[in-house]
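Below are two complexes that have subunit A in common, paired first with subunit B and then with subunit C.
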Partner chain A sequence: MDLSQSTPALGRSHLLVRAGEQVCALPVAAVRRVVRALSVHPLPGARPELAGLAEFAGEALAVLDLSRLLGAPLGPHPAFPVTVVVWAGPLERREAVGLAADEALEVVLIDDAAVVPGAGFLRGDAMVGARLVRVLDLERLGEDA
Partner chain B sequence: MSAASYLLFRRGGGLWGVASDEVVRVAPHAAGLAVEAGATAFAADEVVGVVAGLAVRPLPLFVRRFWSEPGAGLALHAGEPLMIVDPRQPPPPFLSPPEASGGTPDV
Partner chain C sequence: MNDGARDPRARTMSARRARALGLALLAALGVLGAGLLALAARAGAPVWPAGAFAALAVVALALSARRPSPAAARPLAFGAESAILAELRRGDLVRAAAASRGEGLPAELAAAVAGATAALARVADEVREANVATASTADGVARITADLASGSAELSASVVEITAAMEELARTAAEIAGRAATQAELAARAEGRGVTGASALADAVSGVAEVKARIGAIAARTDALGARTKEIGRVLDLIEEIAQETHVLSLNAAIEAAAAGEGGRRIAVVAEEVRHLASRSRDSVASVRALLDEFAGAIRGTVVATEEGSKETERVLERARRAAAAIGDLREVASETAERARRISGATREQNVASDEVVATLRDVGRVVQRASQALEGLDGTAARIERQVLSLELLTQGLRRDSPRSLKHLSEEWAAQLRDLPHQELQRELDRLFAASPSLDCAYFVDAKGYTLALSARRPVAGPGLPSEAEVLGRDLSGRPWFTAAARSGRACLTSPYASVLGGRVCWSVAVPIAGPDGALAGVLGLDVEAHGWTRT
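On to the complex of A and B.
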């Protein structure tokens, strides 16, 4: 099965990512790369959601702390060994941004009808198997949830 | 904002740049350095050097969203991201505090 395409009857492809004690779903079409944690340089005075700046593909990249974006507990050993680079922001002004996370898990299909609506960049919650997953709307990332 | 060259300095774990032609002097200050540019003195832990030909681009959406200070642009130097600061709009976390007068206050 080609999970890179949207399959209306089954749902849309999402990459599941663990951030602290929560699992969130990112639309696969918006995922640019999953890499080992980028070296992040902090910006003094930044809000906690902005971990700092990193170099990626020859550009300076903002790296966001996915756990803090979600308001998720950080878990016992917050090390963020993975950076998921995604396209985010309004479609006409979208930019690459890094999401510091604990683990990229798997690609799954999530049916729109199964998502209980949320607010802001949190499109809603859905059950994937026995797991509650927070489904993100990356076009609205940066807005308050 | 684009200049022919920039003076780069470290502060707070990050790399920062200010247009060289704005820099008046670099002087010891407290435990570090003060980079004086225009009417502003930036606190610096270390001066890295002066580099020319930086490709400076506007601040990304997500930096502006979560960092409310007035950065003038972003660039890369030797694979490390750096923030360009404008001495006319200095980010407060980087201002060098004035030297203590050392005198006894009037009572």
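On to the complex of A and C.
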């Protein structure tokens, strides 16, 4: 497996996570850390996809519910839910954001050419093996929000 | 009378006649005394009357042995002497005494004859009184004997009945004893089987208790196994958590390796290997957990089964305990039944022995009663003989007419004197009056010279089954009856032997006296009947 981000022939590395019944692919370059699901403090009046605030490395971290964000239907009860700490937003003003997912699966290479383009922070859909994977563009995550 | 005026020849004649009179009186007294003595000896009556006769005989002997003396030699009237002798021979003491007071008999001889006849009359009265007492006693003995014989017969019948009942009782008791013995044997067998059953049940209870204990041990071990399974589950949770953590670490390592570019390629490979390892660990944990879940399910099933088994064994134990208690009760009942049956059997055997003894005693009693009955028959015969003998003595005393209301000859003569001149229409009334005053009589009748009854008075109703009525008797010719012929022939009061009366057929004897008419011819006969079984009535 070639994990290099700059290998156009083989594609770029993505972290696959499960959110409900859907599997999302997060670009590894924007992923800071995968941790066990952080304890979230809900924010009154916040949007539904904003699960709340959590503490990570001594700082407050906004945690988004990936399933709600994608509008994915609920899947099996998560045995080991995780929080994926990513850099969201344009490169120059990116922010650390937590994405609450049901399970962290693996790191795979996805060829850009294989991605069927989407809209907004949903870059598109791609087939990884036999699975349909929704590829996210974390740089555009703040735009919709 | 003047003795001195008589000549020596006449005096000699008088003395000879006095001796002859004494000898005749002696002979008459001897005959009477011997008869009385013989009757007294047979009937057991006192013998003193014989002594009185002996005294009279001494007087008579003195008369006969008296030597003729001038002073005593009196002429004796031959007619008077023969009249006295004739009356004495007929037993008519009244007329004999009257004749002795007549003319032609010396005063001393007349006084001696009067004294002798009076003494004889007294003796006869006293003999009769004693005879009545003897007859009453004999009658009482006969009645008592009859009562005893009746009682003895009833007793004998009762003894036979009781003996039969006792024999039946003995047979029943023997049967009961046999049945009780059989019941005792059955009860003892049941008791033995109860003991065996109780022992088998106790073994079963013990076995079930052992099974229950083992089930309890299995449950305890299964619980321990369940606890261990939970511990294994917790270990699996820990391993799975570690595997998850390792998986996350491998992902982070892969992320870091990707961020490191070419320099992180090898780390990325290691991270991928670690992630695979973590994934296999998770898969293994899942497999083990699945197996453990199956195992835990089996353990839960075992626990449930052991609980149910334990409950079932408890129920079986409870039922077995109840059965054991029931068998125990059954044993007690069987034992008690056997004991009671044995007692009943023993008691019945004792009763049987007692019954046999009672039967033997009753047979002895029966034999004693039979002997008593035989003795009573003998006594009855003796009483009957005494009755016959006292009747003979009564007839003997009634043969003497004496001046006494007890002398029927005298009574009949007096009645005849009263009835002699009455018209026919008054005869019955007067006869009834006289009869009512004489309770010793059973019947009185007056018949004419041809034997046809003119008047009749009877103590009891005349008619009976197969017997003539009073009207038939009144119209019947009775001239052939023994009393009529005797009275008509003798011309004076006479006594008959016992015979069967036409009035009721009962045995009686009669005194009949002829009644002469104005012309001296037979005008009728007055008869008095006394029943053989009623003559002692006064």
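One rule holds for everything that comes next: the second predicted complex is superposed on the first by the 133 of 145 C-alpha atoms of A that agree within 3 Å, B and C clash if a C-alpha of one lies under 4 Å from a C-alpha of the other, contacts with A are read in each partner's own complex, and residues count from 1 in each chain.
Note that a contact is a pair of C-beta atoms (placed from the backbone, for glycine too) under 8 Å apart; a residue touches a chain by one contact, two chains touch by 3 or more.
All values derive from a computational prediction rather than experimental measurement.
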{"item": "Contacts of A:Ala29 with subunit B and subunit C, given as first, second, both or neither", "value": "second"}
{"item": "Partner chain(s) touched by A:Gly45 [first = subunit B, second = subunit C, both, neither]", "value": "first"}
{"item": "First, second, both or neither for A:Gly58, with subunit B first and subunit C second", "value": "first"}
{"item": "Touched partner set for A:Glu95, first subunit B, second subunit C, both or neither", "value": "first"}
{"item": "Which superposed partner A:Ala114 touches (first subunit B, second subunit C, both, neither)", "value": "neither"}
{"item": "In the complex with subunit A, residue positions of subunit C that touch it", "value": "240-241, 244-245, 247-248, 251-252, 254-255, 257-259, 261-262, 264-265, 268-269, 271-272, 275"}
{"item": "Subunit B contact footprint on subunit A (complex, rising order)", "value": "41-47, 49-50, 52-55, 58-62, 64, 88-89, 93, 95, 97, 141-142"}
{"item": "Footprint of subunit A on subunit B - complex, ascending", "value": "11-15, 57, 60-63, 65-69, 74-76, 79-83, 91-94"}
{"item": "Residue numbers on subunit A that touch subunit C, as the complex places them", "value": "1-6, 13, 15, 28-29, 31-36, 79-80, 82, 104, 106-107"}
